[in-house]
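The same subunit A turns up in both complexes below, where it pairs with subunit B and then with subunit C.
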Partner chain A sequence: MSQRLAKEYRALSKTLGRDPEYAYIISLAPVSEENLRKWESLITGPPDTPYFGHEFTLQIEASEAYPLEPPKVQFQARCMPHCNVDFDSGRICLSVLDAAHWTPAWDLLHVVHAIWLLLASPEPDSPLDVDLACLVRAGDRSAHNSLIAYYLNGGSRGHCGHVSER
Partner chain B sequence: MQLEFKKVYPVFSWSWDIPGDDDADREIGDEDLCGICRVSYNGTCPGCKYPGDNCPLVIGECNHNFHVHCIQQWLATPTAKGLCPMCRQQFSLKRGVAINEGQVEKLANLLLQPRPAALAADDQDMMMDQEFAVR
Partner chain C sequence: MKEGSVYDEGFNDDDDDDSILLEFESGSDIEYDDTGLLRRDPGLASLSDEESGKGGNNGYYLDGATISSRNVVIPKDELYENDGVPKLSYRCLTTDQIYELMLERLERIQPIFDISYEDIIVLLQQYAWSEERLLEDWTENRDNVIVSCGLKLGHEPVASRGIRKHANFLCHICCEANKMKTFTLECGHEYCLECYQHYIKDKLLEGKIITCMSCPLALKNKDIDAIMGDNSSQKLMRSSIKGFIQKHSNHYKWCPFVDCNCIIQVGNISTLSEFPRFHLSPYVVCDNQHRFCFKCGLESHSPGDCHVAELWVKMAQLESANLNWVLTNTKECPKCGVNIEKNGGCNHMTCKSCAYEFCWICEGCWAEHGGGYYECTRFKKEDKNGAVESKNAIRKYTFYYKLFSEHENSAKLDWSLGLTVEQKVKALQENIGISWIETQFLPESIRALIEGRTTLKWSFPVAFYSDPSHNLTKIFVDNQSLLVSAVEDLSQLLQVKEPQKIIDRKLEFFNKARFVRSRDKALVECGRDLLCKGICIPHQ
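Coming up: the complex of A and B.
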């Protein structure tokens, strides 16, 4: 069903840059037009979060069975400190990416949007980052946000995706 | 001016008759799309070449429409759990609408055919077979 990915690509060229709801998406497109299964997206962090003002790359891969199966989506490794993201791999824990919750009525734009919303609402009950999840659970927003800001600005976990070199 | 007709090419257009769907003020290019493959109802699923009876549209009890091949493929996945992709209600064909007629039996036959072992062995899948029937 790669025709469906082609349709999404075409539809996105009309939506992105026009719909203010998706103004945070800098790009969402196939890495190469030769292979529509591999996409990449560059997004900016949501306002009122420590991610604001930073840019993040999402790596997207749609299987042969897409849209009957969810796409695989992850952040660039070692760039996203978030309670539902595995920092070292960039793997994301989010229900829409889980085959048990996925429906073919969703598309890549829905998925990117859901991930962007996740940045503003960490879900400490299914953590992939225990440190950050503990701070969310403890209700210590300021420690949580400062720790993220520390990592995003090059703290000891490694350098992060705030510098876009494109 | 005198015109002499040398040849006449009749052109016909058609569209699925979807009860309750008023497309009088719909413009070309603004047609409804199958929620699974995103192709027009009047087009074909990605696996078919010719629209129409070879790649029919079906209407669910929940009033969500799909190419029959698309919804079958979805319901055949173990993760579909027999649910409509749009509203997550149990998917079943709407009764008493002309467009679904002829699908009922075909669908039943298709669902009786053996599936690949991996799927056939799945209990959930067996359950779906029963749910994907006209109530």
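Coming up: the complex of A and C.
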């Protein structure tokens, strides 16, 4: 199975930067070429969301059994205010990351894309951040968005994400 | 006896309408004794026949030869004892029997669906074995069901199902070239055989339909066997049986004893709810002579009722660090009672076994989280007062718990003693030349001993929760010590090894076992009295 990650790496270096669909991915690559099990990805927030204009780091770890088992993916801790993300740890509640729903036919690009889509469509039925989920459930978009903006701009004990220069 | 009357009475008494119930096939000898609890006799002339002889008026025997018919026959007026104590009818099944019954069931419903058995198995697995729901959807929109369950593609097939041979195939899962053998379904998603084998191996124990790795098209049993090269689909079916039993846990329960694979099926489950009123428990005995409570799944816990047992066990769990972990890290599904470990994700839990959706914090139904949404997360602060107050209670508890566990250990020893009895019986037959039937006082004595020990063990929780100043409690304690000496006496007698001595002391075996039985019964009755009169009040 060791070739799988190598192949994904090769394929990604061709896709990324060319396919406009994945333009939001600034990088998706192993942390070092020595160890292909640990990856990192930098993505920008989707347009028309409070995340737009910010960059976020995803930490990805593929186990020995990948692709038979899903990779472990989380945001950098205390960077992602989102109703399906635990702010303090960065853990994500997303069905494709769950062993029961994962299939080996998916790859890391699929996973990153699914997480990026999650940013634009929060799922209040599976909340890890109860306050944000309440706001989504109540339909109070502006409060939801401004609370996220507050977090992203350093509210509540600072934040470690960076504002895009672009 | 009225043939068949009970089948209608009991076994169609289907609480959750959407379930398949495997019907009682062949009756085993079922006997009720006059305590209202059910006992199964292995059908041998044994001491217990004499013991419960006076219960013979209420109880009855089914002759093994006459009940090869499908239904268990219980006279209608016998469903209740004279004093209104409920009776339970049940039988013991093996996984193989369950599987056979499932297949038989398939045979009967196959004409409705008019598709192959394999396809129906796929459908039923997708519908978590709820036949009613499947039939409903099937009649409403047959094509939709076929596609959504992965039996057929929504479009024209692009490949033919099966294993293919290649000279040099690049598999997209493992990304290794030079693969010779691959597998594909009609969807055309083709992957190498090794990847499919790894994928299937992980899924076999889940008991759910295995699909193509890229789409919802289902693998059938013959595909699984073809890929794995053996009869792995049997394993999947076994896991599926587990799912079936969990789904129908009202009717079926696994024997809780270690390594016992018996399944008990209760026919008249509507009577189950009547036991607590009498401070009784619905006991069943599996084919391996394990006696357990069908309601709470614990071993026989009389004289205590399920409530006593539950509180006692909860307390015992707090004592043990290991079980403490289970308590803090897992919760029982509020609906089906399966232990669930939360290993990540949010508080929106979906029970894997019954698909009930609930909130991890308040254990309430998830759908009802309206209005004060997620409120439960904020008001979860347990006050830690009363820690000092409980210290005395703990001391008292420790005292009783020690007694409890001592008898538990002795019971384990008795159980291993019981395993040697078979050899003793053989020795008696071979060395002294008496008939097998005459040696049966030995296993019967063992049974009396083990049951007496279990009663003794569970009498300590009852004593613990009882008001110590009351007269009846004192009588109860006296009864306890009488049973202790009876049990110890019999236990000692059972240590005798020489065949000749055993046969010489046959009468002693009879008498002592009989004495244990009667003391056992007296203690159980006395304990029930404590509960009925409110002298024993289980509390936390």
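The definition used in the following text is that the second predicted complex is superposed on the first by the 160 of 166 C-alpha atoms of A that agree within 3 Å, B and C clash if a C-alpha of one lies under 4 Å from a C-alpha of the other, contacts with A are read in each partner's own complex, and residues count from 1 in each chain.
One rule holds for everything that comes next: contacts are C-beta pairs under 8 Å (C-beta built on N, C-alpha and C of every residue); 3 or more make two chains touch, one makes a residue touch a chain.
Nothing here was measured: the structure is a model prediction, and the numbers come from that model.
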With subunit A superposed, do subunit B and subunit C clash or fit? clash
Once the structures are superposed on A, label A:A120 by its partner contacts, choosing first (subunit B), second (subunit C), both or neither. neither
Does subunit A have more residues touched by subunit B or by subunit C? C
Mind working out whether A:L68 is in touch with subunit B, subunit C, both or neither, as first, second, both or neither? both
Between subunit B (first) and subunit C (second), which, if any, makes contact with A:C134: first, second, both or neither? second
So, does A:W102 touch the first partner subunit B, the second partner subunit C, both, or neither? first
Tell me the contact category for A:A23 with respect to subunit B and subunit C: first, second, both or neither. neither
Once the structures are superposed on A, label A:R91 by its partner contacts, choosing first (subunit B), second (subunit C), both or neither. second
Which of 203-211, 419-427, 437-445 or 455-463 in subunit C clashes with subunit B after superposition? 203-211
Can you pull the subunit A residues that subunit B and subunit C both touch? 1, 3-4, 7-8, 67-68, 100, 103-105
For the complex, give me every residue of subunit C touching subunit A. 172-176, 189, 191, 195, 198-199, 202, 206, 211, 213-214, 344-348, 352, 366, 373-374, 377
Within their complex, subunit B touches subunit A through residues 35-39, 46, 70, 73-74, 77, 79, 83, 85-86, 88
Listed in rising order, subunit A residues that touch subunit B in their complex are 1, 3-4, 7-8, 11, 65, 67-69, 99-100, 102-105, 107
Interface residues, subunit A side, partner subunit C - complex: 1, 3-4, 6-8, 67-68, 84, 91, 93, 98, 100, 103-105, 125-128, 130, 133-134, 137-138
